[in-house]
Amino acid sequence: MLQYIIRRILIAIPVLFGVTVLNFFIINLAPGNPVDMMVNPSATPEQLAATKHALGLDQPVWAQYWNWLVQLLHGNLGFSYSTREPVTQILMAHVGPTVLLMGISLIVGYLIAIPLGIICARKQNSWIDYLVTGFSFFGISIPHFFLGLGVIYVFASKLLWFPTGSMNTLGGDGSFIDTFNHLVLPVLVLATGIGGNMVRYVRSSMLDVLGKDYLRTAKAKGLSQFLITNKHALRNSLIPIITVIGIDIPLLIGGAIVTEQVFQWPGLGLLTIQSITSRDYSTLMAINLLAACTVLFANLLTDILYAVADPRIRYD
Amino acid sequence: MGMKLNPNKNVPEMTGTETSGQMVVQFEKEETYLHMVMRRFLKHRLACVGVAVFLLILLIALLAPVIAPQDPAKIFNEFEAPPSAAHWLGTDPVGRDVMSRLIFGAQVSIAVGIGAVAIYVAIGIVLGLVAGYFGGWVDMLIMRLTDVFMSFPYFMVILVLVSIIGPSLFNITLVIGLLGWPAIARLVRGSVLSIKEMDYVKAGVALGYSTPKILFQHILPNALAPILVNATFGVASAIIMEASLSFLGMGVRPPAASWGNMLTQAESITVLSSQPWLWIPPGLMILLAVLSVNFIGDGLRDAIESQNAK
Amino acid sequence: MNMPLDQEKPLLQVKHLKKYYPIKKGVISRTVGYVKAVDDVSFDIYPGETMGIVGESGCGKSTTGRSLVRLEDPTAGQVLFQGKDLATVSQKEMRKLRTDLQIIFQDPYSSLNPRKRIGDLLAEPLLAHKLATKAEAEKKVNEIMEIVGLPKQYKNRYPHQFSGGQRQRIGIARALMLRPKLIICDEPVSALDVSIQAQVLNLLKDLQKSLNLTYVFIAHGLGAVKYISDRITVMYLGKVMELATTREIFEHPKHPYTEILLNAYPIPNPHERNRTQMVIEGDVPSPANPPKGCVFHTRCPFAKDICREKAPGLTGKDHLVACHFPIDEGKA
């Protein structure tokens, strides 16, 4: 087990390295030159060359990559091409709202989906199973932006129950209640997608376990349905679901970009769109790297959790 | 494995064959694997509805120039007009006919959905076959590359790449296609690892077949079922992806019509609240298209998995 | 029976064949040892004969068989087919050589591609080697199906529509398509019902006569091997224990292990059943950690000190045996 964990971590290291290379490569595809955007248009070619040299942009690509990597290891992500603030600082300002939004959506999505999935498996082919399965298909099929616009139309524009966007009321007190009010609709959108996915996994995993011999034994022993479902089946069917969390993270990040844009939620998703619009590639590169590391870490964690949770699994 | 007795239609009739003296089950109708999957698929009611809806959307896409009442890019004098006899779904803020744009938007969704998936399935199959069959350092390299690609949140990296190389129908198809292969590659590799140990693959080697022949004619056909399921769900996700990119202004751009970019206007609160005909129809079309493909995928999975379980 | 003649040139020579599989452990997959699946095996096979290879599961007989058609690359040693070392010939030449070397697999359920019709499956070898046009191939498929006893209208069927015995006939037919000189039969009847086994064995025997084939026939019991083989190699833990003609092996076994295998083989004549029964005890030791000295000493009723110390070499002229104390004439 310990050996597996060590090996899994060792494998993650070259992958992390690959992530930085690919990330650098993608951003280097960008046409145009950051220098053109930084110096004023009337700069002389000499001035341009000087700025280029100062930024190390006259060096070959691999050397630029190396400089960037060294800076990265020092925690320095460079400066924004558009606002000239340190990228680390910009990132820090936007991480909080995104973590808040994604975290709550994940929790809400799972809290709704897991019990529903269990009920569906218990009452397979009942009306409630069909209803929930239908909803889950809806959840995985509706684009976040359409659902987002839909809930704004209904709950914000027509019913006026919740604000249309942003994280706090402009000029408001920024209280917890205020933030909560702003959170409801975007969380609803993200949790629908996550929950729709999760219900289907829980249902099929539970059905799988319910058909196993040891559960028939439990039934034959006369254990109550409650005990069978909650003690014997649940534990065993939830273990494979751990891996789903690893799959959900990248989907969640993609969903968050669109959702933050629709609701003008001041997180990393909105920052991404703004950086794309202003061609702020240094910020974009940092967000992309942060997102990739999050996914990498989430996958590593779920793999290890999976190994810890399921004693049957042997790795060699 | 072995012979499958089918309780439903094909009552097996037992006959002895003289040549071997063994009992052989002979089907009235010889059912191939494909027939079997088809029969199971057709039992899945939602999947059949999915096929019907998808075919309808495909037909709309193909016949768009014929059935659209107007040129989707033509600008009329009346803009933001509510639905009327002349413009069934009204006109957009620029004065274009929404109904016609809706019909032409089907072309974009179908093109990206099928085009992008075709590209990444091809890449994923080749990489998965090579990694699984040859093993060793080739496998190691491909799998680590897969890990690297899978570490990037799919949508985010597509968004960044498209913004760099420039948004267009061709570019988003290409980018989704070039980034979507890792899941397929892993799937194919897994199948190949088990299939290559089968004696029929060893027999192919012993018979002196070339490696490409073994890979593509003997291994691939037996690994195809899960790829098909995955690719179907992939089409649904590519359609959402295109719509989202176009919605964000990083996909198909006006005046070209895409269901996604038709919804961009609804970011304005006045359009959103007082002109629902502008954004609800394209949104519903996306939902319908994605839902139909997801139903097809679900039906395929059930048909193929219950087959494998027996 | 075609007895091997000394002056005849062997079709296939196996020289000190070794196949070791590394055992990997730990974080960085260090090789901590080897499974010696085949450990220094040598024998010759002459045209027209059938060489039986017998042993318990895990003795390396299948690995040996697969090495003969280069489905396994040997760790050391040589497999010479008509004087050519299979391990060193070029890819191109190997593909050509494969038309002469074929294999029939044990499991008829996994040896046929489930997605191909039988007709295509059989025509494929000819077309892949460009030995026939489509029309010619079809004619040859019809011929071969008749030879192996399958109605030719079954051509359009898929493998799952056949029984185990029929599938094995298809496997044989496929191996015959290229008109090979040597066929490795890797336990071709073990997976079949007893009643079908005899049919398939008879078919193999008839084919050998009519097509002048050479067989290597691998089996875990002596029953089938006695019926079809001219000579028999007895293997244990990757090594050859005894090699002699079928008659010698059955009538004058020299290795205690052979004797034990013979005892496991039921005697058809009830009057002979009173002979002393030697029964084997214990399990086969792990090939990853074979016993020192003679690999059989842990289970040998006659093992002495020297057996635990020194591995016996394979000695003898026509009747080869690897034992410090071979069984004498009359003792058995």
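The letters A, B and C name the chains in turn, as written, and every chain counts its residues from 1.
Heads up, the rule we're going with is that contacts are C-beta pairs under 8 Å (C-beta built on N, C-alpha and C of every residue); 3 or more make two chains touch, one makes a residue touch a chain.
Given the structure is predicted, the values throughout are model-derived calculations rather than measurements.
Novice: Report which of B-C and A-B is connected by more C-beta pairs in contact.
Specialist: Comparing B-C with A-B, the pair joined by more C-beta contacts is A-B.
Novice: What is the identifier of the chain with the smallest separation between its Cα mean and the overall Cα mean?
Specialist: Most central by this criterion: B.
Novice: With chain centres set to the mean of the C-alpha atoms, which chain is at the far end from chain A?
Specialist: Max centre-to-centre separation from chain A belongs to C.
Novice: Round to the nearest whole Å and give the separation of the Cα centres of chain A and chain C.
Specialist: It comes to 57 Å between the two C-alpha centres.
Novice: With chain centres defined as C-alpha means, what is the inter-centre distance between chain B and chain C in Å?
Specialist: So the centre of chain B lies 48 Å away from the centre of chain C.
Novice: Indicate the whole-number Å distance between the mean C-alpha point of chain A and the mean C-alpha point of chain B.
Specialist: 24
Novice: Can you tell me which positions in chain C touch chain B when the two form their complex?
Specialist: For chain C paired with chain B, touching residues are 66, 69, 71, 94-96, 98-99, 101-103, 105-107, 109-115, 124-125, 128-129, 149-151, 156-158, 160-166, 169, 171, 174, 178, 196, 199.
Novice: Give every residue of chain B touching chain A within the complex, in rising order.
Specialist: 144-145, 147-157, 159-161, 163-165, 236, 240, 243-244, 247-248, 250, 260, 263, 266-267, 269, 272-273, 276, 279, 283, 286-287, 290-291, 294-295, 298
Novice: Mind pulling up the chain A residues that touch chain B in the complex?
Specialist: 11, 14-15, 18-19, 22-23, 26-27, 29-31, 137-138, 140-146, 149-150, 152-153, 157-158, 164, 249-251, 253-255, 257-258, 261-262, 272-273, 276, 281, 284, 287-288, 291-293, 295-296, 299
Novice: Within their complex, state which residues of chain B touch chain C.
Specialist: Residue list for chain B touching chain C: 1-4, 17, 19-25, 27, 30, 32-33, 198-200, 202-210, 213, 218, 221-222.
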